[in-house]
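In the two complexes that follow, chain A is the common piece, with chain B as its partner first and chain C second.
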Partner chain A sequence: MPQKPKVAVWKFASCDGCQLTLLDCEDELLALAGEVEIANFAEASRAIAKGPYDLSLVEGSITTPHDAERIHQIRRASKFLVTIGACATAGGIQALRNFRNVNEFISIVYATPSYIETLSKSTPIAEHVPVDFELRGCPIDKGQLLEVISAFLNGRKPNTPRHSVCIECKRRGVVCVMVAHGTACLGPVTQDGCGVICPGCQRGCYGCFGPKETPNTRSLSGWFGDLGMKEQEIVRVFRTFNAGAEPFRRESEAHEH
Partner chain B sequence: MSTRTFKVDYLARVEGEGGLYVKVKGDSVLDVRLNIFEPPRFFEAFLRGRNFREAPDITARICGICPVAYQMSSVHAMEDACGVKVEGPLRALRRLIYCGEWIESHSLHIYMLHAPDFLGYPDAIQMAKDHADVVQRGLRLKKTGNEILSFLGGRAIHPVNVRIGGFYKVPEKRDFEPLVESLKWARDAARETVLWTGRLPFPEFERDYDFVALQHPEEYPFNEGRVVSNRGLNINPRAYEDNFAEVHVPYSTALHSVLKGHGSYLVGPLARYNLNFERLSPLAQETAREASLASTCRNPFQSIVVRSVEVLQACDEALRIVDQYERPDRPFVDVQPRATTGYGCTEAPRGLLYHRYRLDDKGTILDAKIVPPTSQNQKAIEDDLRRFVGKYLSLPQETLGLQCEQAIRNYDPCISCSAHFLKLSLDRQP
Partner chain C sequence: MNGEPATTGRQFVIEREHFDQLFELLARKGYRVVGPRIRDGAIVYDQVNSAADLPAGWTEEQEGGKYRLKRREDEALFGYAVGPHSWKKFLHPPNVRLWQAMRKEGSLEVQEEKQEVPKTAFIGARSCELHAIAVQDRVFMNGPYLDTSYRLRRDSVFIVAVNCGCAGGTCFCVSMNTGPKATSGFDLVLTEALEEGRHYFVAESGTETGAAVLAELSQRPAEDREIRSAEEVVARTAGQMGRTMDVSDIKGLLYANYEHPRWDNVAARCLTCGNCTSVCPTCFCTTVEDVTDLSGQKAERWQKWDSCFTMDFSYIHGGSVRSTPKARYRQWMTHKLATWIDQFGTSGCVGCGRCITWCPVAIDITEEVRAIRESDFRRTKRDRHGDTGTDSG
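Then we have the complex of A and B:
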């Protein structure tokens, strides 16, 4: 019997939600475990197998000097490295520190700042090592995760869309919350993948899958202004879970005076 | 005299990153330290300057395992600040979404993280090779919790439908039908889970804890109640910080909590159960008795049974809520900000979760404080280990090390919340 491909799951600064997505594949988990060797997944198992690994799934952003070293070891031990989620792909919500002075943040939270070792910025994995694929979402979608695992283990390109949430709303016949109700929505500049759940429950998209390809954020900000949003509100809208993603970062900075 | 050290560098099957260090000399335990090396993420700092309506979605990202708990504590704190009380069907739907999170989170812990310790497997996947039907039942039970979360919240992790004042959209009565079918199965499966966990082998170990949990006059607590203990504490959540303090220790990125004048205390299923047994549904009470679980339980290893009782309670409660549901006219009540401070305490799967926010009259957050359950339990975990290692020092190192890990997992510690962990070191000096 040929050896099963080895899959490893790694964690950096994150909420654990993206690796939990793997355990949330309740119907597929045991079948998946039959096809691959889950070689390193500390959240789920004590059994840790040594590398090299065929596929490493990396959750979380780099925020400490130790983690900045550790990601290099993981890259060296991995044939393919895929980042899962907004933290690993764009720095996550903790990248809000990038716009401020981190020492100020430390002293707000901790009584003894000298005990805390942290970097001034929260950065995505791709700023440290080459990444083979970035899976978007805060959190990632379970169907897309299974697609990506299957694609890499079969040597093909993952089939995940790069188009906007808007396109998916139109396809599903979901009424446009911005046109119909004047609700600010990041759908025009955000990558699809969530299943348009926010417009689906009559709220605006808040961009948890990050920027779509070639997003026109400037135009959208103009529309937000027409809806009566103030500059500071526009800053905040672009500055959440994908605040560090280049198009969102640039747009938020353009409105900061 | 030489010393013995136990070390677990990276504790597995917990949500987050941490380790444990135990130092023993002869037959006395010199030091126990739970190292949490989850990188800090500074939520309380970057919440400053955000709008109060953003808090539920932002704080959800503290923990992917219990995002609803963060959403619930934050909406209650904001509504407290703004003088709004959400009642009727909206209140019931909040309880329902919390049921979903308890079922999902508890089933994950019972079947995938904790049971393998009792049965001697490294994980649930290996366990499934010999106990396929048990693991399948656990996965389906967990899936039922996620079905509630997706149905009401749009998705299982970081649901999008919760807002201050209620929800963005509420379901029609008829939409619940498929969920009811799943829940009826889940209630039976939860009953079997209680009886099954009741038969697991438990190390003999008890401690006289200070239990702390919410208490509501009639209900088993989710969103509301006074903060009470078995030692006479009985306070409004607003008085939380007068009675509890946070301490920063050098070996952990999670702050330790203490009950002033008492020291360590315990939150979570064991505390809720001991303080609220008579508020469990008749079915949950009866099943607990059938599993030989008394109404008072001080053995932390039996928390797996208590967690199962809570899954049963959540399934039973969810069915009751669905049965009585009448769709409200509006999915939310209006909430206008005012310059004041709001407080919220709810029962996350792992225990009491405290939020406090100070707002200006525009609703800008000026100051935020969040105390997650795992940081409250850290000292109790260390105290358990000190006692446990002392009692079982004669065990071979490997067995004792494994049982220490199991003792930590009794708490289902969620380290991404309290910053993460596990690294076990046992330093033995004969």
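Then we have the complex of A and C:
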């Protein structure tokens, strides 16, 4: 019997929510364990098998000099490296530091700021090493994670479209919250993949899956203004889990006066 | 009943208090009945069990990028225009599994998808929507390749049309010559009349099935006065159109203006979100997704609604053909209004106004046509050359 592919899960600056999505697979977990060898997954087991690894799932952003080194070791030990979640693909919520001077936070938060060694910016993994595939979301979607692993195991391209949340809202017959209720929604500039959780509950999209392909944030912001949103509020809707993603970063900065 | 039902081609009156019979009768005949009902702040199409499920006394206010439910001053059951859904969701569903395959001893065994289509009755289809269904019929059934599953669903439908009693703020069926009076494509057509404490429907059948249904309901032949009232309802609606579109020489206009500066203008506003194509009752494009399970023993092919506003839509080896939003909007609008005519012999637009209302940033197809027409390249060229002669085409 051929050896099963070795899968490793790695953590950088993050909340662990994305790697826990793997454990959340419940029904599919046994099937997955049958197809791959979980070689490194601290949330599930202390047993750690040596590399090299066939597939590395990397969670979290780079925020310390130590992590900036460590990601290179992981890249060297991985044949295929997939980043999972908004932290790993866009710098995460902690990328809010990118808009301010991090030393000021440190001096306020920590009793002994000199103990803290951190970088001025929280950056996605792809800014440090080549990444084979980026899986979006805060947190990632379980179905999409299984799809990416299935695609990897079967040597095919994963079905993780880069189009808007709107496309999926309409497939599901969800009534548009922006048009029918006047609720601000990031769906038209956000990548599909969450299963329209918020619009499905009549809430506006928070943009957890980051910018879609060719996002026209400028036009949408103009409309938010017409809906009565103030400039500072527009800054805030673009500054959440994907604040560091280029189109969202640019849009939030355009409204900061 | 023997021979042709006595109700064929004549107009009858069904009083409001007898209207529930229609739902009971259709259910008895084995139909799943779908129609308008209120959900999440809009009138959507979903299962309805009786007239009590209909949006009695409700209408809507529609503008570019805006839809709000509003109370009417009466208890009209069909006193609204059209909502976010169209009958496309039943006839051309957004997600359809096409086939499955299993790996069996080194070879693949493909399993054809079982087609189980429930008999379905549409309640309240509007004239523009009947035209939209006719457009999709041409696409799926009258071309060189027949879509058998569409055919199956289409053949299982019983359509109760309603002539519009009011027009929405983004309606322009009069411009497109698709309404507001339903003239074909229905089994039964109703006109709802509310006058001096009376609430009734003037009904006419369009098919023998429709006539048979009508014959089983409590009805009586309509009086001239009632027929005139119904005609007035439709005439009034025709005068209420929220939008107009000049479609004269629309093909010539759009084909001559591929490089019009207006395309850059609309591209700056367009979100390429795909909402317009999803709500459009004629847009029919799909993509296919192949999925496998973890073990690689089972594969499935799914057909899903797609949109010409996505990058994947025009992706071929090396990249997307229409990489700019400008190219994608121009493709959509030019196809809808012009190349569609070359392809299918009819316009792809029925003037329902959904793409205007449900565009999150209120892009208005009638406004875009008007802007291009106002500074038509051909005319501005003639103006430049001082040519006042007739259009050479």
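Please note the rule applied: the second predicted complex is superposed on the first by the 257 of 257 C-alpha atoms of A that agree within 3 Å, B and C clash if a C-alpha of one lies under 4 Å from a C-alpha of the other, contacts with A are read in each partner's own complex, and residues count from 1 in each chain.
Throughout what follows, contacts are C-beta pairs under 8 Å (C-beta built on N, C-alpha and C of every residue); 3 or more make two chains touch, one makes a residue touch a chain.
Keep in mind that this is a model prediction, so the values were computed, not measured.
Undergrad: Quick one: is A:T240 in contact with chain B, with chain C, with both, or with neither? Answer first, second, both or neither.
TA: First partner only, chain B.
Undergrad: Quick one: is A:S150 in contact with chain B, with chain C, with both, or with neither? Answer first, second, both or neither.
TA: second
Undergrad: Regarding the shared-chain residue A:C18, is it in contact with chain B (first), chain C (second), both, or neither?
TA: It touches chain B, and chain C stays clear.
Undergrad: Looking at A:N216 after the superposition, I want to know if it touches chain B, chain C, both of them or none. Which is it: first, second, both, neither?
TA: Only chain C is touched by A:N216; chain B is not.
Undergrad: Between chain B (first) and chain C (second), which, if any, makes contact with A:T64: first, second, both or neither?
TA: After superposing on A, A:T64 lies in contact with chain B but is clear of chain C.
Undergrad: Once the shared chain is lined up, is A:Q202 touching chain B (first), chain C (second), both, or neither of them?
TA: both
Undergrad: By residue count, is chain A touched more by chain B or by chain C?
TA: The partner making contact with more of chain A's residues is B.
Undergrad: Classify the contacts of A:A180 with the two partner chains as first (chain B alone), second (chain C alone), both, or neither.
TA: The second partner, chain C, only.
Undergrad: Using the superposition described at the top, list the residues of chain A that contact chain B and also contact chain C.
TA: Correct list for chain A: 202.
Undergrad: Could you pull out which chain C residues touch chain A in their complex?
TA: Within the complex, chain C touches chain A at residues 39-42, 44, 65-68, 84-85, 89, 94-95, 268-275, 278-279, 289-296, 304-305, 307, 309-312, 323-325, 357-358, 360-362.
Undergrad: Hey, which residues of chain A end up touching chain C in the complex?
TA: 28, 31-32, 34-35, 146-147, 149-151, 153-154, 156, 159, 161-164, 166-167, 170-176, 178-182, 185, 187-189, 202, 213-216, 218-220, 222-223
Undergrad: For chain B, which residues are in contact with chain A within the complex?
TA: Residues 10-17, 38-46, 48, 50-51, 54, 57-58, 61-65, 67, 108, 112-113, 116, 122-126, 128, 132, 135-136, 139-140, 142-143, 146, 154-158, 160-161, 163, 167-169, 246-250, 253, 255, 405, 414, 416, 420 of chain B touch chain A in their complex.
Undergrad: Which residues, counting only chain A, touch chain B once they are in their complex?
TA: Result: residues 11-18, 20-21, 23-24, 26-27, 29-30, 33, 38, 41-48, 60, 63-64, 67, 92-94, 96-97, 100, 102, 104-106, 108-112, 115-116, 118, 122, 138-139, 194-195, 197-198, 200-203, 206, 208, 233, 236, 240-241 of chain A touch chain B.
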